[in-house]
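Remarks on the structure that follows.
Labels run A, B, C, D, E and F following the written order; every chain starts at residue 1.
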């Protein structure tokens, strides 16, 4: 039975909003290298960086009806996550739906299928991460679900989770972990800032990270070209 | 026997030229969601939007000789459509051929294979929609055909058909349908203009398109999180 | 036994540096259409064009430790070539390593795997040609080799070879052939310059390249639409 | 924090065992066309058809350590579902682990990555559905989770759910729906049996499914070749 | 307007039937290396080799309704060619439709999309060449065309053309060329028979095809390992 | 300058012949998980397992001339390794060339491109590992090299190296390492034999490999379903 769940619990809005600045790579590292969607999800234009709370929906092949249903469930600060139940490259989303979502304060769309009107969406300033770019139109015949857990980009997204998306891809942070992951991300960034200064000054990662002893212990051997040729 | 057909009948030049403004997504919808090439055909640079009449050719694997032959058959306002007869990723087309086609008034190239010199082609302002970007050179040893029907991007293109290409992809409109499809596209755009205003004002697609009754009839159920959990 | 070869012989620095201007397509043609890497290697941002001498390394799946080791072997004017020993899409390289390589005067990275921090790398001005864009982090557990011959992008790269990379892709020039290929590339460009003027003036490739006789000899037939329809 | 959940609740064993006979296509239809994994998951040999209860694990890139951990959590009648957290094609599973799982009464493996020793696994009679066939070895350095919900083949699998796999692919049935889906599948098969007899007797789907009126209502037109040519 | 053309002209039935024995590779060579469909079309089981006359249809994404319509237009000796108008991997075809087509004397199906029930289809002896194997079900909501020219597997197929399919793939022979291509294929096979005897006796292709002079003229050089190393 | 090197040094014939029995997975592990070709190289039929000494050649796109040249350089016990210099899916190899190589005692072909006549090659008993199956014919116009180092399947192969190929894929063993790798493979097999008995008896990999302490040290936690739910 297709359902729309209407009263999902969202991650804290301020925490969710703050994650965009931290970046996908950092957030994914800070939660133990989990939650990163498959690299097939790419931004339709470069430079967007967003974060917000997930509203989810599932889409039958070539059918975008449930996006219309999902729009109504969105609030300002949300990001819509639209998963398909079978690989599909039709253009499920375009400028009119982008206009509608933007009018509701939605920050962007994660779409594991095709997107169209990409120039218009860039002009509108409504970012989409999609699997393909395709103009092929969709029908409105078959139901799916809104605000149930979905598998999008090979990751589980539950309604209310935090989504972070930028030029590196898309990561999902479980709702209940959001504050903890935000703090861990900030700590990681601070540490990287310190390392960056050392790298800029010409120090090597081998020394910044104290790797030489462990490399030798694993058996790494340095040799001259002449020595190498003698072996082979 | 490889042939060059020399006197193809083209769609009306004004109709063909006017379609670029209507856009690939709209034109494809207006002719019943047909004619859209596969999404593997992508522009080598963003922002180009063209339309014109098709001159066609077929290309053997790794051999671009017939492009030279096809250039002579092109007129101002044409778009060259180059299909391969076997998947190939060589770089069949570059800046010199782009210079030649531009000098003849050709508006762009649809190439179901690889393209090279992409920076130079952008500087020249000659847009190409291609399957890959590859510098690998081609030979000139084997013949193909010019101005016969071809299968390009999984669509049939007949000489003189209208081609429309932009950031969303490439669509072909049969020559004899051009005027009718142009009119239908304009009607569709006008209707979308009206819808857009309603979406911008915050109306939902559910209401703009009067979907609620049909969703209920199909069995869509709204419930709370608590009700949903009780089911699962 | 994993090894680091420390005293590789590099191609002449001036020759290596001069190739960027010649371009990937020209260089690849000038050495007999060899040395071009697979088109899956794409620049993470458009407009970069570099050339330099190769430092090589191999990478185990999901493990970027050897990049740290390879950095130390790099000199100003080098390009790092990082090959994987199994298809992998993790994000082996990001902004910190980019900062480190840039601080050493390295001109860019060829990475047959995933790259992350792509916006930061563009801001830093450190170009990367990679197989994918992925934020997924890597570990530092398993050794590989530095400065041995590697297979990267389906091409053999030996330490000290010349790498040329631009928007068209990546080509490798064997160290001992560098001067000869540079000269042949320049000759080719000069010849193309002459052809370009003729193409701009509206001459056809059929005439610029004197192809008509050979086309006829191969059996190409020109006919009218009416004649063609009579055949089919 | 990586966890192993030790006391999962499984679907009824008899229900789970009975689904193999019903087949993936039927089961997926009977639960509303949901739950089907992506077609990239293919059997390493033809002819196997299994069903059972899911034990799940997640795998870091190129690291199969958690399969060893998961084996201990398996019981007779289970199917192991191994999801990766990043696209990976290493050979995570081979004959020794197959011997171990078979010794525990496990019926098969769903592996969203690479598999090796495929001839030995066929001889052993231990079926695997995998993303690729690759001999590349894996390490044992990084933890993942066992018996948490995972995204495998673009579908969510929860521990204890029913997995059905045959030559058509893999489908997951939520634990709490298993009995209902089994019944619906059996009803569907009975109905198909009746239809099959009519098809064998030469009746058309148009009549068996009473489609002619609806086709006409949608606007389908029958015409002769001559009429069709007059239109185009 | 969706149409069904009812009175297509078919290639000669005896000629069409005889081509299976000649094989895809030979037929494709005999008509000038044209007509071969893309290699993505693979048989769902090995060993089938068929030929016959094409009945064509187009399929909307995820919608197999038109296959039911097309069945009625099929006669004994036909092969159904089902093209999609957008990339789709749903399972458009299974055992019931296979039973129906077989009951009408149809020899097989070429399907540029997904197929299911592959074990049952093999048991039934009804061969399918498809793009993917997927159990995902389809709807019956949107019309397409039957017996119009289609683009299937990157090739144009016109109703009544001859289709030949075996383990090497699928080739289409234009209706009006069928007799000529059959004769050319037989001549080619006879010639190959003679060559085969010479190859079996240990003669080299260099001599059987008299290639040595042309290789030398193109500049091929034979040298010893020592000479080669001196060059590099 | 295209060259044929005529007097390559081969690995010991007995060592090369003995490796087939050891298997691709074992050999690749025994040499430190290196040398495994990309999983895109798949056998055209199941069950073949070969090893032998490499004769190499490079192939221009869509041109198989150099295979004819390479045949003459082959001896009994060799395996031909044919690399392309650009991605290509044409059918470079079929039954006649298979007959010729078999007549010379060659054990099989590794072909990083398309293969045809696959049923005939299976009947002949001449195994091929290829990138695709495609009947598309090739020309004989452009030269390549024979018996130089090549990049095939993303691995470097030097003439005289040992090739091992079976249902798991293809691995290359450098000529000078062959005896050492054979010995290491045999040792590995002996060790696996001992492990297999323990697995068959129901022992767990956790105990056979003494992993429990290290898992705990890395932080793996066992918990009940109730404890897990309390965390999330």
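Definition applied: contacts are C-beta pairs under 8 Å (C-beta built on N, C-alpha and C of every residue); 3 or more make two chains touch, one makes a residue touch a chain.
Since the structure is predicted, the reported quantities are computational estimates derived from the model, not experimental observations.
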Give the chains in contact with both chain B and chain E, ordered by label. A, C, D, F
Residue numbers at the chain B-chain C interface: does the shared fraction exceed half, giving same, or fall under half, giving different? different
Distance in whole angstrom between the CA centres of chain A and chain B is 30
Expressed in whole Å, how far the mean CA point of chain B lies from that of chain F is 41
For chain F, jot down the residues that touch at least 2 other chains. 2, 33, 36, 39, 60, 85-87, 89, 134, 136, 142
Could you draw the chains as nodes, link the ones that touch, and say if you get a line, ring, star, complete or other? complete
Chain E to chain F touching residues, read off their complex: 23-25, 28-29, 33, 36, 39, 42, 46-47, 49, 166-169, 171, 192, 195-196, 199-206, 209, 211, 215, 218-225, 228
In the complex with chain C, residue positions of chain E that touch it: 174, 176, 232
Note: in the complex, chain F contacts chain E through residues 1-9, 65, 67-69, 71-72, 89, 91, 94-97, 99-100, 103-104, 114, 116-119, 132-137, 140, 142-143, 148
In the complex, chain D touches chain A at residues 2, 32-34, 36, 38-39, 58, 60, 83, 85-87, 112, 149-151, 154-156
Per the touch rule, the chain C residues reaching chain D in their complex are 60-63, 85-90, 134, 136, 138-139, 141-142
